[in-house]
């Protein structure tokens, strides 16, 4: 069988193997050497940093965890860094979730960031996890009129209305900033459509979303979205900026996004190579037919 | 006819109009929430039907010894184990605030059997399935991204810009360009493509979809399209 | 921020422009449906994906393999799922006429019930009540990737000849369509999720993009009433395009002629009219 014929009938499992090597190799290299590819932050990531930085100390932030473990590979690093900046700025963080497993993601993020590195912060006073609430955009409509009706209890079972962090909170408009990390529906698009648009500018929003969702969110940036972190690239840029601002030697958990850029680099290079080879096969096939 | 078509039709019309109007009239805002909550309750109750269907289908497979009946046995086993462990709150620690109350603890905490099912079964399995996408993207790129005509070639070029611009490769390849030509650097070009071309295309699709949703919703609310009820005939 | 004095009124004044658009589209719908009933139905352009439905089902019949229909992964409160179930009814009717089996594993219990009703009614309408087998439409799991794993495995084992993906999809769109491609099935997809459209376009034979998917039910029914609503949909698009052109001209003129303040005021008025 000629080379062209072999390539035209290539079993796709060879391509899977190449992708596995392209992703696994850099992960191992990064793990052994501790090195990460350099990052050049874009305007969108800088804006995210600035929006959180501009909030006065003690401001409330609504942190919506709209993703599950399937998307955690892409979204957990940005959730970790976003919570880190909010905690470092001494903002009061109220975590909610509209995905069933989002409450667990919030709990894990709180454990990894706040309990580990900001132990002086008190639950119920400086931060709280209100957990998951079913209802998708129905919940978003309710928080516009009565926040504690939508989230009556926190994850520990305590009444939300009794929590010091929620004193004076009537609706979502009482949160100057909404930080949403989302993997799909319900997610950033619904928050923009149902909450940001309805709040007429009183609620600013930052979104962190998966690569597939990012093109959908660009029409809302920078109008309805004050900042946008798209995919692991956006997370890496933001992480890089934040580590520069926080200084010191960041813990490995605050370098995760940058670590994952190495497999992304080689994965993308492989995709470019596959596209080139695919087109070469097509041209060679056409020339063979004409001859 | 009345039960299967007329009543559901009027339920859809009344609730649809109520939700629509509740967006504009403040005293009626809670009506929309109430209808949405009603749907959520109905969907939760309907999950019993789904569970019944799942059990029936898999039990039938096992009893008939159809091809792959072993997998059906696994489905049944894991379904029952998760149901019993979750509903029965097996191994759940007592609630911190109410230690005397039976079944007061939460089964979602990490060191409970339900938490282990989540941590050691659910998380790895869903992550694995999601990770399949990386492999499928590679095979799709190899097979489908061919420069067959001008539009496909433009798509290819854009794909190269984005693929390279979203990684450090873009910086290496075009970082040497002077400041006056910085717009042509791949990382800036990829942002430009996303913010201008992608946004324009997405806005057009979003507007078309919004109008499609509006027209479909009106067809249903006005009773013009009843095929969703079953049959499609008026 | 606390509510303002305006919040005390009964009407939500900030949403009045949106109400005006809804009334306008509703009025256009009424007018075009009325015109269609008076014997002036609109001409709809050919949509290749919908023309291929019969071909796909015919292929399945010839090969003696089933047709797989996935109505998305959301519940019946999502308009895409309603459109998907409607399409399932149409596909089931054609399949009943051709004597092809339609399998529809679903992700939500309510969708299972609605799909069963739709398929049963379609089989009755085709005069093939015996073709309806409720077990072919069954619930799998609510969990997204559990459902994906089941459907992927089913496709690899049973190798359906035709696969329809009509509804709301997320990350599983590429997994479904690549699997379908690997088994040589003819694939027709339709979704309004713009993030998933590129995956369907790359891997499926035909794709209904956005509003084409919502038009599918009306297109296949051929009823003048429903075709009239398509015309109303297009008239809404024309109105939006007019606003876009006028707005772009006004905004550009405002930049070129900063002294003409009326341009800025007119632009603000247009923005308000568009709900901004």
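By letter and in written order, the chains are A, B and C; residue numbering begins at 1 in each of them.
Keep this in mind: a contact is a pair of C-beta atoms (placed from the backbone, for glycine too) under 8 Å apart; a residue touches a chain by one contact, two chains touch by 3 or more.
Remember, predicted model here, so these are calculated numbers, not experimental data.
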Judged by C-alpha centres, the chain sitting nearest the middle of the protein is B
What pair of chains is linked by the most C-beta contacts?
B-C
Whole-Å distance, C-alpha centre of chain B to that of chain C, is 15
Measuring from the mean C-alpha position of chain A to the mean C-alpha position of chain C, what distance in angstrom results?
28
Of all residues in chain B, which are in touch with two or more distinct other chains?
36, 122, 126, 129-130, 137, 139, 143, 145, 202, 206
Where chain C touches two or more other chains at once, by residue number
144-145, 171, 194
Could you list which residues of chain A touch at least two other chains?
12, 70-71, 215-216
Interfacial residue positions of chain A with respect to chain B in the complex
10, 12, 15-16, 18-20, 23, 37-40, 42-44, 68-73, 101, 103-104, 134-135, 138, 141-142, 145, 156-158, 214-216, 218-219, 221, 230-231, 233, 261, 264-265, 267-272, 274-275, 277-279, 282
Which residues of chain C touch chain B in the complex?
7, 9-12, 15-16, 18-19, 22, 25-26, 29, 33, 75-77, 79, 82-83, 85-86, 89-90, 93, 108-110, 112-114, 117-118, 120-122, 124-125, 135, 138-146, 148-149, 153, 157, 171, 174-175, 178, 181, 192, 194, 197, 199, 202-203, 209-211, 213-215, 217-218, 221, 225-226, 229-230, 232-233, 236-237, 240
Can you list the chain C residues touching chain A in their complex?
1-3, 14, 74, 144-145, 168, 170-171, 182, 194-196, 275
In the complex, go through chain A and note every residue touching chain C.
12, 70-71, 170-171, 173-174, 184-185, 197-198, 200, 202, 212-213, 215-216
Which part of chain B faces chain C closely enough to touch in the complex?
4, 20, 23-27, 36, 39, 42-43, 46-51, 53-54, 56-57, 60, 67-68, 71, 122, 125-126, 129-130, 132-133, 136-137, 139-140, 143-145, 202, 205-209, 211-220, 222, 224-225, 227-233
